[in-house]
Structure formats: C-alpha cells, structure tokens
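When the chains are written out, they are named A, B, C and D in that same order, and each has its own residue count from 1.
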C-alpha cells in the first residue's frame, strides 16, 4: 500500500517559497541548484522544489493586493493540465514543460520537485476542457463548491466520477515524463473540504501507476492526528503545522506538535515541521530580510526538527547563505540524526524546558536534546531516571553543536542554557 | 433607512419553485398569473415570482444528477448581467428581458417578482466581463472564495471595492427597467459567507437609487436572530427556515421559529415562514404529487403563518388547484389577520399544544389560535388568565375556519382538536 | 402568564455588589437606603438590593484566594432554606430573617430586594435536610451534577421531581413573609445547565402563588436571544451581558447587545444592561476606587441605558456620591426616557458612531441619541431621512444633558462629540 | 518517567462491572477468583478487579431511579479515604480494608485490582475531613466545581494546592498496604474537566512513591488522541472508547478507534478497548442475559482486541461461563498475539472489510487478520502486495480460530467470511 519509493530517511532540500513567494524563475532555480550541488549535496541535501504558481502569468505583480491574482492567465495544455509559464521558465516553451530544468538538476546529482494545488484549473471547468484518457471533460469532474480558501486557481475533483482518476493519472504521468521526483500537493493535508481525503488516494494511485518513484508531500497543516493512518498509508510526508515562519510564536507550539506526532515517524512516513526560514527570506513577499530568529532559536529549531526526524527544506535563498547559517545546515553530527537515529520521544515538557531522547541505530549511543523554552537563561536539571539511566555519573557526553565533550560526575545532569536555546548530547549509556 | 416601499401588509403571491423547480417557462408563468387574476386577486394575492435559474440553458435536463448543472450555459448581457434564457422566455429575445412578461402581469393587476442569486456570474469573472458605470471588470469585484454551497452559478461580490456597488446598481436598474416589483435574493440570508451581510446593504442601496419600489426578500434561512436589526433595516422579508416542504417534521419546528421571531414583525418587516406547499407540487423535481400534508396540517400551517403574519407564497401550481385548497387560500376571515391584526405572541407551547394571541387593529376583537401539536386528538384547556381575561364566561367566540360561533359558560375554555389540527377564535374580550 | 406585578417602568435602585462584593452588612444597607430616601427617591430610585452571600459566615475574609469560600459555613433554617448570617445582619437573629431590614426600608418609602443563587444549598443535600410542605428531603431534589461554575454554595433542583416546586415555593413564601419586593436570581439566566430553564418557571410559579408582588430579575448574562420568549414570559428582567464594569471594553459591546434586544423591551419586560459602576466602587474586591469611566463614558452609558430602557441599578456606594455623579443620576429629562418613552430603535451603527431614536408617549416629541464610538472627537452628520424626517430645518432641539436648545437651519444635522461621548436631543418632529 | 511496573504484555483479567454493576460482594469476588485460578490462570488471565462503589451502602438498591444513589452513605476512614462497605465486604471490617480479600486472591496466584473515582469524597469536603500527612483539610483541596457528570460521589482535587498530592499519596499508600496490584481510575481519561490531566500525574507520582508496583488504568474513553504522550508517560492503559457493550453498533467503531491508536501500543502502554461482554452479563443492571453478540461477532472482537494488543478484561460472570465462551477465551494461538506479537497495523479498511497485519517477535511468522464488516457473507480478496508479499503462492497459512492450515496456490488470497466474522492467519512469509 505504501508509495513505491520507500524513503529511508526524511527528505532534505530547498524550496523556493520563503524567499521568492510566487515569483521564482528558471535562472533562480538553477542558481540555487548549483549552490546546493557545490556546498550542500555532500551533507545529504538533494531536493530542489519549485513552489506555488509556476504556471501563472504575472505572478507576484499585484502583490500589494493579492498573493494570487484571481482569474489571472495560466498556462495550460490541451488536456486541462497546468504547464510552466514560459515567461519565467523559458526552457519549458514548445511543450517541454519542466523536462529541461529537471534534466539540469539531475545532472547536478540532485532531485527535482514541484508544488501543485489540489484539483483541476477552474478555467478548464468553465471552458469544458478535454481530459486525457477519457471522453469526459473538465466540467464533469470539477466540483464547483470545492474551492481553496486562500488560492483561486482550482476546483477540487469529485471522487468516484468517471474521469476523476484519469485526470490525476494524466497530471502525474506528465510530471513523470518531465522527471519530477517530488510532489508537494497543497490545499489537501488539512482536509478543509471532505473530498481532499479521497484526492490524496487518487494522487497515490496515480503515482503508483506512473512508473517513476515520487515523494508525495501534503500541505498545509496542521494535519489531523486522527487521520494519521490515512496519511501514512497514502503519502510520504504531511505538514503538522500551518505555514511556519521566523518568530518564536510559531516555534514554541512545534514542541506540542512534535509531541503529538512522535509515534508516527517511520520509514517512508515523515510528519513535516515545514521549511526552515533561515538566511535571507521574504523577497517575494516585499520584505527581503535576514531571518528574525536568533541564533539560539535556529539551533533550537534544527535540534527539534532533527531529533523528531522531520523532513528538512531550506527556505532561505541559498546563494545568499552566510557562513554561520551554512554551518548550521551542515553539521554532520546533527544531520546524522535524520539518517541513523530512531525512537525519538519527548521525555518531559513544561513551560520552562523540554527534553527529547532517541538512540542511534548504528551503535549503542543515545541522543538527549535539551531545550530552554523560557525567555531567560536558566539551569536545567535532568534526572538520570528520566533518561532511563541509573546515573549519568561516569558517562562522557558530547554536545553536537559545539562538539565539546565532558565527563559527568554526578548522578543527575545539570546544564545551563540561554533563553530559547538548545543542546543535543550524545553518549554511550 | 427603510426601503422606499413600506409594505403595510405581508406580501401574498405565487412562486414557481415548489412545482417547477428550475424549469418554469413563460407560458406557465402566464397561466398562473391568469389564474391568480381570476380567482385569487380579490383576496389579496398579487405577486407572481419566477424562481431560480431563469437565465440557464437546459435547466432541469440533468435532474438525475444535478439540480443546477455546473458550468452550464447562461444568458448574459454585455455588462455581466444575467438575462432570461430566451428558449424558455421567448418574449425576452432581442434584449427585452422580462419587460414583456412583467407588462403582461401588470395588465392583470398583479405584481412581478424574480429570484436572483447573490453575486456576479462566475463566467463573467473568468472572462473579465465588463461592468456598467465603471471601468472595473468582473474579475476585479468577484471573490473567488465566495461561492454558494449548493448552486454553482455565481461568485460573491467583494464589499467596498470599486465597481461592486456599481454592479449591484446595474442589475437593479435593469430589473427596474423591466418592471420588477419583487426581488428574492438567494444565498444571502443565512450569511453563510461573511460578505453576505454587506451584499444585503448593497442591494438595499441599489433599490433606493433605482427609483422603482421593490420588495427585497432574502433566502435561504434560517435567518440569524442576532442579526434581526440588519435584516429589518435593509430588507422587507427574510426566511426564518431552510426550504420548507410538506412534512410534519418541517412544520412542527416552525412553532419554535415563530416564537423566536415574534417580536420582529412590523410594518415593512416580515420574517418569512417560506412557501405553502399545497395543491400539486414537485413536478420539476421529478415527483409531481399532491401535497403530503393532511388537511389538518394545512389548516395548522395557514393558521400559524397568518397569526404570525408571515408573507404568503403559494407553492402549488395554480391551474391545478382543487376546491378545498382554493378555499383554504381564500378564507377572508383568516386572511384578515395579515392585514388587520397586530401584536401576535405565543402564549404557551409544550410538546402537546400551542397557543397564540393577537388583536385586530380595526376593532376591539382578539384572535386566539389553538394548535394540537401531538399526533392524536386531544382536549385542550385554555385558562382565561392565559389570554389575559378574568373569564371566558359570557364571551361569544367565532372559529374562523368553520365560521361557527359559540357562547362560553365557563371561566376557562376547553376544546378538542384532532392531531396536528388548529383553530382560530375571534371574540370581543 | 406574566408575573403579578406588571412593572410599568424599568426598576431603578441600588445594589450592594459593585462596592461591597460579598461583605455588605445591615448598617451599610441602611445607610445606603437613608441616602436614597433623602437624595434619590424623588427621581424615581426605589430599590435597595442586598447582593450575593448574605447567608455566608466569613464572606470576603479569604478574598486573597476565594471570592466565595468553598464549603464554608452558611446560615440555614430547618427547611433547608438559607437565611441571613446574623453576624452581619443582627436584626435577623431569632428567626426574623430580613423582615426587620425590609421594614426599615419600606418605612423610607423604598423597596427591598435580595440576591439568591439558583438551587438548594449543597450542605442541605448532603445532610438530607427537610423541605417544607413535602415528605421529600433535600437529597431527593438536588441534582449532584448541576453546579454553578463560579460559586460553590448550591446544587440545582431537578425539574419535575416531587418536592422541587415545593422547595421553590417555600423559599419564595419565606421571602414574601419578610417583605421582599425584588429577587435577583443568579446562575440561571445564561442557562449554563439545562435545568435552569425550568427553574425559572418554578420561581415564576412560586411568585405567582406567594401573594406578594415581586420582581424577578435573572443573572448573569449574556441572555440567549433565542430564548427571549421564555424570559419575557417568566421573568421581568434578564441580564444581556456578563458582569459589567468600568472599562470601555465592556461599554462598547453594549451597543451591539442593545441592538440585538431592542425589540424585546415592553411593559413588565426589561432586558437588563447591568449595574452602573459609578462613583466609588470596588472596596469589597480589595480595590476601592472611583469609577475608571471618564465623564463622557458615563454620559454615554446613562444615555444608552435610558434610551434602551434598561433597568438602572447604581453600583457605587451612595454615601460617597460626589456632586457630578449625583447630577448624572438625577437628570429628570433623561430619566423621563425610562417612564415615558417607547419604540426605541437603533438607526445606525458603525465603528465610528451610533444613533438611536425613540418617542415620548406623553406628547409628540422624539428622542434622538447620538454616540461617538471612536476614541477621538469627531463631527457626525445625521441625515434627516435617517430619523424619518424630510428635514431638520426649522426644528428646535434640546440636548438633555446640557439642557441647551438650538434651532436648526439645515436639512441635515451636524454635531461634534468628544471621543466616547454622547448627546440626546428632544424635539417636536 | 514510566511507572515502576513495566508491563511487558497487556493485562488480562476479570472485572465485576458487566455482570454486577455496583452490587458485587466478597463471596462473588472470591467465586470468580476461584474459577479463574482453576480454569483461566494457565492461559495468562490473572487480574481480579472490583469495580465501582465498593464503598457505598445500599449500592444498587435504587436501580429503578439511580445507578449511583446521590448523597448516599459511604464508608470512609479518618483521613477522608473511602474504604470498603463492610456490609458487602465483611472481611474489611475493623479497618482491614481489602487486605484480606487481596490476600485470598494472591494465594490463588492471581492479582487484585480496584476501581476508584477521580478526586476526594464530597462528604469529606463538606465536613472538612482530615487528610493524612498534612494539616490541610479536605475542603481546602476539593474543587467544588469539579464534579463527575455521571457519578455523585467525589469532587476533583485542585492541582498544586498544599495537601493535594498528600491526599493522593495517602490513598495509594492505603491501597498498597492492602496489596492492590491494579487501579482503574474513572472520570479521568477523557479529561472532562481540566484538572483531570494533572490528577493523572498525581496518581502516577503516588504510585511511584508507594513502593508497590501497580498498574494504572484510566477510564472512561474515548481518550484524546492528541494527549497520547500524556497517557503513555503517566499511565499503563487508557480507554479508547466509552463503555463498550454487546451490540454491533459499538463493535464496528472499534475498528476506527484501533486505527487511530495503532501507533501507541508499546511495552507498558496499552490503549484499552474495554471489557469483553461475553457469557452471562447484566444482572446488576436488572437484565441478566447471555451476551447479545453472535459467535461471529465475539470472534471478531477477540481477534481485533488481540491483534491490537488491547488489555483483556472479561465482563461476564466466570462461574457461569459456557464451554464455547471458555474456549473463545483460552485459545492459546490467539492469546499468543498479546505476548509475542508486535507492529500491528491496519492494512485496509472500507465499509466492507478490514485487514490487520502484525508479526511474531519469537520467530519469522506473520499474522494477518481479516474482518468482514458487512452484514452478509462475502468473499474477500487480499492482494499479496498489501501484506508486503510478492505472492501468497506456496505459503502455508494456519487459521488460529479453527486451527486449520492450507497451502495457497495463487498470487493473491481469496477467502469467504460470514457477516461480522473474522479469521486470523499465521504464516512464514
């Protein structure tokens, strides 16, 4: 039942949204891909994802009024399928779609992903557009009442009607022909409309059929915890939060979200904490800026995402990455959590601090992450039995961010962390 | 602030929906108007209302699957305004709109009403249709997220944007030019989307401007009781129930609805109990049938509607009215409640029976309505002090449905009613 | 069906809560009554109401932790009825109850009211206390699951069980024997528990039976608008807001609440805007203070309460009233609204200003109240047709707070009000 | 952080509720224990649990009106702790509590459990009862607003106040002194009141302190899936359904509940499907009867509970067990699922059938459970890849209920099951 690609580790990559919003173009995608190949690939980063409205003309030109221009012109093929706007993606002209861009990225040793919206273009429904592989037309499978609350482009597809699965098959087949490795489908994860649940299944079936392994990623969150079986059966990753941005008010609730979802991380199934708004972001939103997160907060974010084993998608523009951020993203000891750890679980959480524990599958070591959730520096006492130990005394702990080791001489462990700060300790228990 | 037409009594008329659904045509409208002029006009009945989708081609032809065919062809003028489908309304051809039909009805001494959906046609938004009296186009005033949950034709209009009021002005101006007297606007009363509240105000302003008195009727219900001020300030009637049909399960809850709204009936303001599904109904729905209401239930319905002073709109096909139903609808003593009574209030309601009291403005008489809400015949005791009397003894009461009078000899009054039955007594207190 | 006392005007009085919280004693009540008789009675003020926990020992002594001490000692008679704590009400000793205090107040020409909590004392249920007029005992009529969310003293009474009506009869009979004129029943208006609706009816029946006219006042709000019939049938006044205090954040929403309830004010039925927190308040709450309302806000409050015809209950300590506040409360022209006006309705409300209109039953004059809801001084234009006039030109308007008159020379009227300010104009239309 | 007893397998036992309601006595408990020791112990059954109101006089004597007599007499010690009613548990007289009964059960090689209600007896709060180990009294730790919606005995304890933890410590210490092995705490799992979440923690801490291993079981359900971390951190088992009874309408939804909770079963943590209403039940409820479940339904229930690894608590009277039911409860191949399987997950569920898969830790075998959820016999096709196999061909499958084996010759597996029936297949993949 699982998707053909059984992801053995959470996907790592870059996504155009946090920096470009709807405006990214081909050269910008290539520049980020080049950077990733040169500086990040060796650390496990591999996906380049083109986010929302690559099919829209004039995307971002009315940003004062609209994020998404309603009833704007979109590029569409004869089978009611959206294709790239050739004004921003010149290589797509002549029916090439994203194939040339995917090829470019594959040659760099990377993988290529695209964002899509649940459903079929509204304009196709109103013009009774043709569908591939069926006599039915777009108006017959589009649900006029199934609209996204924040994007005007699509109508949902009616589950079970003739032509519905054929339509989803036809878009996935097209993406496969382009060489797409990763599909981030939006307006579907939170199941805002009832049909979304079945549209996930249609996408899953289409991917199984298409013959090309593709990761299926669902947005936006928060995902519904009581639908965890559905997500894990039909998708690879699903957002457990609404859009995440660089403010502590978004980061703090992630501890609760990770607590809720901690038992649902497994091979091929990755609850998704959303993109990392680090480095330079916001340009397409009209406010290019360095992340508002403090360094401590960025360490806290990376520590939680990695302990939890969330997918990692960099939101900042790669070509503008500063040294400190690059180091944050290329700490091998930390990134090893994604590939080699398992069994992560929250040990404790109150208003002041939080503890997570996991272990490394490749040896006997444990990972103990400590988070200071308060605004001030504070000492934190970790009792040995909380970590399932009789005592910390005699253990040597290495902190992954600083690389420093220390031997403990007390039964319990006491550390001091700055406000919003974190540390991850590795040790042989 | 009130609409120009200050309705002194609740409107009385006929509406095409209950019998024809979306399919009614010009000849059928005329036949019903002819019947009304001949048999009903003298009793106060005067409105002939063309209900939903008079602008749609093929309306009703896919009734097995759809009540409203999604993305179907509609008749529309150069200013994004829906106009009658000339296949069903031949006299509207050549840009006449409903003017000839309205003229026909006016000549009979009757008034003409039409149904509209809140908003602007979706197809106009997608094709960037022109608007009258502004440079803006349909796509600039349509809200792509404001869709009706049960009809696919329109997008809501965004309050406050340039062109929005102009659009509503332009449609009302068109209707005024046709000679429309009554507008039933749908998808607006229940305020399912937030903008509906302001769209009511836009309609109100447009009607004030147009120079022709028009009744503004809002659907569907249940209206929101905490918005009563808004309805009464900007409209003439508003539905206090969802679609009402011929089943006791719909009739029984009307007693609670009337209780809730009893203090909001005043000159020009009529909470609306919805159409009377009497006689032959259901043809357009694929199930032509006589009403499923028993005669007792029909008397109960008419008694409640008239005591409460709801607008009265006949749902059944007039040309097929049987004698009994015609009498039900032409009882002058009962219909006098609409024109001459005031101050109606519920005295009592429990699971078994209900009492309402009002008085006649033209003399000193009172009206006491008694309803048996149970399924079986039962005696009902009405204590004199409930009706604000020291005693019923000595009073002569006339029952309005039977016309029979009796003098009471006891302090309290005791009557027996059949299950689901009603009686209305008139007396000088 | 209405209570025996048909209140022809909204009650006006003083209530101990805003100043004393739970701590008021006999001397304090008398001092306030003396003041009212001397300074306020001539203006229509007449009720002196002892608010919550007059039966509780040590009330207010644990104010750091509790407003109401849980499981504290209460004074109770042999029939499970709460009686006054003689430590605070010495004249009640020896089984006199509130009779001596009521007598004192009656001699001053005033009326006497008490606060009660819905239900029967918990301690009576746990000790199987006797009930008057029945063999049943308290445990048999108390509902162990029907508890007030904010006060620990009582259990709700189970509607329909033997002994329930007898219990309510017995307390009302006791209050009648004391000479109580006004009962404010708490934990009942908002119907937080389902039985509250029937407990209102039980109180109503008991009052009808007891032979003494008593006003029945229900708290706390907000009352449920869809239950308006129930309130108006079984009670005289009902709170339309939760506890009201001296902050604009509470005053502003009252405009919406009055809009909602405007059609439900009638003889004997007064939706209640709650006490007037003016003068010195807060002592029993540990924070004796002058009201935090500005003078403009107090004028706004009084204007709205009087236009709407809310009951008026002074919250501040009468013996400490300053001259300005005394004048605020004794403006005959304004208070005449309570007794002689009718038909008050909101004409307009937006974020900036609000208009209300009513008329005087005793002559042809109209009242037009204008409120500036914004924080800054602003000009406000009142179009003549809003007030149902063809023109203001030629009319002479008297402003009730200042007593100043002016003749208007324009069709529309333009005035300037300070932020949060109000004016009431009287004129012959 | 986990409880001291790390339950390696789900608890198996008998509970008095389904047969006795509140009425069970000492002899009846002993008789069931004797039966278990003689007939069930060898199959893993070991807990004997006394359910609700063992402290109440007259429990069950007013069953026509009350399940739990409000304000009835309860047995209580000097420290506000409930102790057994010696009328029903004679050996508890003289301050022995349940120690003699626990001793009797322990001698049989079984374990002893009791039911408790969250909180402290109401009567203790009202009489200001003493608490052990603190100067505080019951009224100081009881929350008068924290009441159970269906049982009148207790008030919740206020988290964080002095004396609160001491009270919970004192009851657990008492139970430990009696020899209690299992505590089923009611009115706590669903967190109907906010303090329940912290009362779970207080119970957990008390158990850790008391020095005796005890299972902590929480009721009633449905537990809140987003609080799974809290349950698993502080308790051993928690109800995932409200009270479960012998009707398909309760059994069918358990498939959804198990789907939701499947990832939260681990050593020491067992989401609880509730008691097995098999054999003779209902006597205390006034309707002694054989279970209404068909045999097929009982097999379905046992199959789901065992695949899921729910705790198993027999609800029927053991001394009345018929042969068929005894066999149902003593199928070693099925019960091995509880002790030796892991990784159970739903493969598929629709309206017609459901599939679960798990594997045996002790060898390489898999368990595949097939459920027919429809009312009629139907063929069910299980595709090999659903079970993670390339083909079923060549595999030998043993069905655990019948013990029959068969070799498959097709890639996919096709079986026929009766309506509401189930089968569990074991095979080497």
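Criterion: contacts are C-beta pairs under 8 Å (C-beta built on N, C-alpha and C of every residue); 3 or more make two chains touch, one makes a residue touch a chain.
Just so you know, these numbers come straight off a predicted model, no measurement behind them.
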Chain of greatest Cα-centre distance to subunit D:
B
At what distance in angstrom does the C-alpha mean of subunit D lie from that of subunit C?
52
Could you please state the distance in Å, as a whole number, between where the Cα atoms of subunit B are centred and where those of subunit C are centred?
40
Hey, how far is the Cα centre of subunit A from the one of subunit C, in Å?
57
Would you mind listing the residues of subunit C that make contact with two or more other chains?
none
Tell me the shape of the graph of touching chains, choosing from line, ring, star, complete and other.
ring
Taking the top-of-page definition of touch, could you list the pairs of chains it picks out?
A-B, A-D, B-C, C-D
Would you pull the subunit B residues touching subunit C in the complex into a rising list?
1, 225-226, 228-229, 259-260, 262-264, 345-348, 385-386
Going by the contact rule set out above, which residues of subunit A touch subunit B in the complex?
70-71, 122-123, 125-126, 128, 139, 142-145, 147-150, 152
